[in-house]
Amino acid sequence: MGKARLEAFSDGVIAILITILVLELKVPHGTDLAALRPLVSVFLTYVMSFVYLGIYWNNHHHLLHATTRIDGKVLWANMHLLFWLSLVPFTTGWMGENHYDATPTAGYGVVLLFAGVAYFVLARAIIAAQGPDGKLARAVGRDVKGRVSMVLYAVAIGLAFVRPWLAHVLYIGVALMWLVPDRRIEKKLSES
Amino acid sequence: MGKARLEAFSDGVIAILITILVLELKVPHGTDLAALRPLVSVFLTYVMSFVYLGIYWNNHHHLLHATTRIDGKVLWANMHLLFWLSLVPFTTGWMGENHYDATPTAGYGVVLLFAGVAYFVLARAIIAAQGPDGKLARAVGRDVKGRVSMVLYAVAIGLAFVRPWLAHVLYIGVALMWLVPDRRIEKKLSES
Amino acid sequence: MGKARLEAFSDGVIAILITILVLELKVPHGTDLAALRPLVSVFLTYVMSFVYLGIYWNNHHHLLHATTRIDGKVLWANMHLLFWLSLVPFTTGWMGENHYDATPTAGYGVVLLFAGVAYFVLARAIIAAQGPDGKLARAVGRDVKGRVSMVLYAVAIGLAFVRPWLAHVLYIGVALMWLVPDRRIEKKLSES
Amino acid sequence: MGKARLEAFSDGVIAILITILVLELKVPHGTDLAALRPLVSVFLTYVMSFVYLGIYWNNHHHLLHATTRIDGKVLWANMHLLFWLSLVPFTTGWMGENHYDATPTAGYGVVLLFAGVAYFVLARAIIAAQGPDGKLARAVGRDVKGRVSMVLYAVAIGLAFVRPWLAHVLYIGVALMWLVPDRRIEKKLSES
């Protein structure tokens, strides 16, 4: 079964999600700079979610680039990842409008955590489909970065109820950690 | 005539529909967990429709993978399927906001039933375009699963006016039945 | 210059337009069949616009299938066609909510007329890029069907101010005339 | 790393942005021509933004057509361009509803300026990935047109606070300057 349509469908969904995000930026009624002030925190959350979806698209790109075989489990693991990503516009809107409130901040992290788990599951499903000796399995290895991210999301969800700004710092930190595309895969591929 | 654009167009429409679904999840005004409570039934309906559209994408993928010839009838049979799928966000929103009411529950089933019929018609149009000896015709056979689904949708539409929750059980049951991609096609293809 | 991205971009825009149409079908507040009654004329207009966009996608598919060379003029003629198609959801919403009013009915026709002109211009730009001896030029010939459609749209725009229902009949008639994909192109291609 | 998915993803995002623009054209409540009058300035802004996004898609098409190697920096430079383009529907809506006000007019220019910078950065990242002797580097040269555009956007932002209509004239002027696809790249490619 070909991976081209899986890539095309995922590209489509992520492209739409990244564009739907901007619909949360409602056109203000005023016409001076002050009219933009209430939008600042929505805008900053928008930037962060744009970067997160960009990271997922980038890593998805790398993951599938190293993939040769797709099966039914991979298709559904991919759908599961897209499901959690599809909730990002919702949590972005909720946190963007209530920047320093505990529950929306935690909710943002919950969706990131589940998306992280879904990516982890997808990577495992793809590795299983390639067989244990696949290049991808050697390249991803134990996926330390993925595991660290999930721990940090979980910590941020807890912190959201104590010091919401610390949760924001963690979300930004994880994004920065991932901004560099996964060199491990690129390196192993170019070595072999 | 190439099937690549037919696949790309269908992927695009289904990707947009699956993403438009999430627009029904309106960002709540409150900032605590209680603010999410009215969204629970909308969310559950969202999950179900996401899975249904995922199933259609998956099966569409399998159906066209086994296809070699496309003609005008296939193009329009495909458009007809996309038409009924395009109504899923509407019935999802209506049923999601009125979870236990008869008419919205029946309406959800009516759209599923017509989408099922449209898929059935599309499969027949594709088989006709390949000729009766095509691999696809042998693989799909009499399409028992498709016929059973349509009967169950019809039963659910009737039940919606008596016991709406039973209709919900049937919708979930049919989704579970289809979650596994169509092994018949995969098997026949790998045999030949 | 490759035509693949032109096709992919056009597919994307048309797929999104055909899906945005459905956003005009607002989820009703009531939960019985009577709640759907005000939606009937919106729904019928939705069906007609879905069919029109489907026809444009189909014919666009045929037109580009027979194309081998793309230049800057073709790119912008294609953009021009997409521009007029992008106004279809607007006129669909306006006419759908005011089914028997003169101006919205005429407005629907104006957008169809300009889209028809844009398609005509695109076909000419593509033929010019292939050279006058191209297969496409011989196949399309004088494009009687395209010219007749434009005349009928113009008549319908006038009729909208006298007998709106006659304009609707003409819109439906032109759609039916185009529902069959352009056999002329298919025939000439298979002959040569 | 393949450029196909980068093109497909960018096509998807630009196609969605160009279609989301039209959502700013809200269906009017009236049914006569007077009901369309308040939409005129929104419509004109819509046309201009449609053309700008078309220009970016066209130039992006040309830029990547001449590209053979993609790396992580190119991926993120592309994401950065898409980010600024994603703000075009927002500034279109704001300026469209307040056509002659200073701040929305300046805001429209700010997003165009940053998009211009992002395109410039993307072109540099792509050239760097090809190596300095690449065909693209020779073709783009010092990119006079890109630099002039950025200066004109900056001038327009300043003028918006003095004579908003002059800023509009500049936006239209830059669009016209770019409407012709970049012949330099086409010429150099066909020469070599």
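General observations
Letters A, B, C and D mark the chains in the order given here, with residues in each chain numbered from 1 onward.
The rule is short, and it goes like this: contacts are C-beta pairs under 8 Å (C-beta built on N, C-alpha and C of every residue); 3 or more make two chains touch, one makes a residue touch a chain.
Source: prediction; values computed, not measured.
In a homomeric contact, the two copies may use the same or different surfaces; for chain A and chain B, under half of the interface residue numbers are shared, pointing to different surfaces. Computed from the mean C-alpha positions, the centre of chain B lies at a distance of 38 Å from the centre of chain D. For the pair chain B and chain C, the distance between mean C-alpha positions equals 27 Å.
Within chain C, residues 8, 12, 16 each touch two or more of the remaining chains. The list of touching chain pairs reads A-B, A-D, B-C, C-D.
Put simply, chain D touches chain A in their complex at residues 1-2, 5, 8-9, 12-13, 16-17, 20, 24, 72, 75-76, 79, 82-83, 86-87, 89-90, 93-94, 97-98, 101-104, 107. Every residue of chain C that touches chain B in the complex is listed here, in rising order: 7-8, 11-12, 14-16, 18-19, 21-23, 25, 27-28, 31-33, 35-36, 47, 50, 54, 57-58, 61, 65, 179-181, 186.
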